[in-house]
Structure formats: C-alpha cells, structure tokens
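Let me give you the structure first, and then I'll get to my questions.
In order of appearance the chains are A, B, C and D, and numbering begins at 1 in each one.
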C-alpha cells in the first residue's frame, strides 16, 4: 500500500450526547472515532463479527487513543468524520480522524489498533493479513477536504 | 504549589460498559477519567455547578485527551483511578490518570483542561484563580502507589 | 388536533451500543426513542434550545417510559424509528415508538413528556401551547407502515 | 421461594450522565437498573459470564422495561437502588426497582428478564433453575426502606 487510505462518514450530535455545559461530553467523540472505523469496515463488506469469523481476531482492540478538541459542538450539529490510514504496521495500525462541521475543524485525533487473535487460551498480536488493507482500500476515497484552521489552537 | 497534587477514587466496570469482545468499550475509560476529576472536585467541596456559580466558568472544557491501554478489563473488575496534577498553567492544567486493578496498571492517560468563562456573549480562557488549586490540594493524598509495569507495553 | 401525528427517522446500531451478549445494551433503545423525538423537533424547525428560548421550558422532561423488546438487534443493523403522538394532554403528551428492521418489529414503547418551565425558582408544569403541536404536525407523515408481528410476544 | 427477595446498592450521578437541562439523561436510569441487578448477581457469587458458563444462558435478556420518573436528580447526587423480586416465573422473572435519594423516591420501575440459552443455533427460553433464585436469596436483605411518596405523582 503506497497511498494513504481514507473514508468519510457523518454523525449528528444528539441531545443525550451533551452535558450540562451544553456541549458534547468529550468521551462521545471517541465513540464517533470508533464508529467511523466500524462504518469503514462495513462499507468494505467487513465487520467485527466477520473479522472474528475469518481471522479469529477479537475486536481490533485499541492500544492508544488521542484527541485534540479545537471547537465545541452541540445538539443538532452535523459532523463529518474523516478517517485516514497512512500505513499499516506489521501487527498494528493507526487511524487518524478529523471531525468537521461545515468548513470548521472541530476535533482531530487518532487511534492505534492491534490485530489480536485468540491462540489457545491467550490473546496474541498477529500480523495483519494484506487482504484487510486491500478491502479498506477498495472503498477508500481521496476526499480528505482541505479544511485547515489557521492556527492549530483552541477557539478561546 | 510546589508539590504535585493527587487524588484516588474507584469504579466498577459494569456489564453495560463492555462491548461484544467482552472488554470495556474504550470511550468509557475517558468517562472514568472525567469522573475521577469530578470526584476530586466534590471531595474538595466543589462541583462544576459551584465553579459556574463562583467563577462563571463553563465546565472546565477538555482541550486534549490521551490514553494508552495496556491491559484489558471486563465486567465486575474493580478499578482504582489515580489522578495527579503536576502543576497549573496560567489558563489550563493537565491531569494525569492511572487506572489500576490490584497491582496491575491497565490504562494511563491525561486530559488538558481550560478555565473558560462566558464574557458577554463569548467564551474566553481566563487565569485559573489560586484558590482552585488550593482547594484541590487540601484533599490531595500522597498515595500514588508504586504500581509499575515492567515494560510499558500491551499485554499481547 | 384530530389526526395522530407521526414521524420517521433512522439509526444504525453501532459496535459500542452492544454488550458482551452481542446485542444492543437495552438502555440504548431509550436513547433512540429520545433521539427520534429530537429529530422530529429539528425537522419541525425546533430544538430543545429553541423551546427554552421561546417558552422557557426545560427539556420536555420524561415522566414515564416503557419498552417491550421483541427481537434483538446487533452491530450494523439499520433501524427505522417511528414516533407517533395520538393526542396532546393539557400539560403532557405521550409519544409511541416502534423500532423496525426491514419488516420486523423489534421494539415498541412510549414516553410521557411534560411541558415544564422555570417559574421563579421552581419548575412548574404548564399548558402546552397549541403552536407546538402545529409545528410537529407540519412535518407529520402518514407512513406508519403496516408492520405487525402475528403475536405480540418475544421471539423465544 | 415464598418471601420476596431484595437487594440494595448505590450509585453516584456523574457529570457525564446529565444532559443540557442539568438533570440525568433518562436512559441512564435504566443503566442503573441493569447495574443494580449485576451487583446482586456478583454479590451472590454469580455474573453474566458465570451464568453463561454454567447454564449456557446468554445475558438474561430484557423482555420489557418500565420507569416512572418522579423527581429529577443531578450531578453529584448519591442514589440508593433497591431491587426486589416478588417471584420467579417458570422462564422469566420481574425485578422491581426503586431509586431513592435520602428519604425521597426519585424513580421506580421494573424489568422483565428471560432465561435464554443457545440450543444448537437458536436461542430458546428455558426454565430457570431453582439454584439461581436460591443464590440471589442468600444475599437478600429485608431492608426495603419505608420510603413512600404521599401521592404517586411527579414533582411539578
């Protein structure tokens, strides 16, 4: 894989996602990160259940997650989520995310995920099969939009 | 403030916090990060509502969050959450978290929070009043336990 | 209002909505009930924030909620949510919900919501203004589909 | 079983459980219903995982759930959750819940749960083994406190 892979999906911020400060309770952004990845999987004809069935992997568990919150969002906002994979490591991969509202970048972050299977009684990290990246590549679109905030800093 | 501040609280991993891989759905760990901070506030006689009332701040919003997931946890696990503040910046502060189960470090991470108030119609980042750190210091305990994993890496 | 009002929206069941039994953790269905109502509001040019602004009401709080779970659903399922209001009481109203997957009724239930405003320091239940029902009626569609399960009972 | 069984546990309402109206987002109350039951299981030396291992059941799925919301609660409130089983049906049982804050009844409701196991490829409702009720009975306490609201109606 030479080209980075990317995928775009969308979410609506709901009333129940917001806290008494009237903005998204921040752990929900990680829910949307994860969900964007699940949408990518499904769009590629895959799913966590299928990965388990075919490869014995258990859920592509998260090793690390990060997010920078630039602009707040609230009830009713429509978010576009862009996921991007620069390259696959042998046993793990990193997905970069950008959540935008219109032309405005709200959140950027990433997850590192492992390819972990049950071998006997234990979980073991295993090499990612090439067809996994190929499946994601098939639905990859080169539409990471040129949304850039002038300065990479919060809005206050 | 010369000494780092620290605070410890506890949580139980519940059935509804786990995903079909039978482990915690990772955004919940950030819920526990946030909740540990809220426990610290309340233990210090504060709360988000009181901060709003006294200082006009809106929720100490998160600028950045990070977590490294070392060992998985599941339904029924009892987690100890240790929060630690090394120092306060003028308008923001970072809280480091460690979630442990017995002697085992499961998750470590941090949040950067701002001190943001409504000034007229706009949100503005303002200097953190010294009495905020002093209130947290009053209930600070020097009990960050010497839990160290030999190597800082995942369990597979 | 003589005709019942109805509105339809859709959701996807996500990985993070499911529990270790690989089915939706049931409180999430109530999240979708609430969210269907919020979609109806927004589709009618309203929102909780606008209701507060115009009428001083605080969130149309729930007095009672009920659900019957007929068929389980899981990660990746696309659910159609049908909301229906038979009539408005003077100070409260009931919304009936049906969640369907294809031709299959999965969940049915209802919420009773109040019209509650802050009067001085206290919350008080107040008469629902007629224009609220009229706004919802404008986007009402008569498309409650004739999905009926033969017998009103669980699937096992 | 002639005597009703009961069990009491406690929860704290957290910031992230509340919505922009500054009260608990109501689906969370069902999370606490479920969690109270899980606490009862664990207190009795059981768990969903153990039920699966011993009896092949998949999660005691919910057939029906109901709640009446009498008084709102918010960030920092300490809730006592009382769970009660009047009797077991052959293949299902109902748990009644009461959430109280001090002497005040906030929420009452119930769940109907089934005893469902995988038989071949299908889920089937099976008779509840007597030792299940006996295990819950061992940790049953007769401490349903005489909290009664004068009139069974909301607080506004």
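In this section, a contact is a pair of C-beta atoms (placed from the backbone, for glycine too) under 8 Å apart; a residue touches a chain by one contact, two chains touch by 3 or more.
Only a predicted model underlies this, so the values are computations on that prediction, with no experimental measurement involved.
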Chain whose mean Cα position lies farthest from chain C: B
More contacts between chains, A-D or C-D: C-D
Distance from chain D to chain A - Cα centre to Cα centre, in angstrom: 34
Intercentroid distance (Cα basis), chain C paired with chain A, Å: 29
Averaged-CA centre spacing for the pair chain D and chain C, given as whole angstrom: 23
Contacts with two or more other chains, residues of chain C listed in rising order: 15-16, 19-22, 25, 27, 31, 34, 48-49, 74-75
Chain B - residues contacting chain C, complex: 15-16, 18-22, 25, 27, 74-75
Residues of chain C that touch chain A when the two form their complex: 14-16, 22, 31, 34-35, 38-39, 42, 47-49, 74-76
Partner chain C, residues of chain D touching it in the complex: 19-21, 23, 25-28, 30-31, 34, 48-49, 58-59, 61-69, 72, 114, 116, 123-125, 154-156
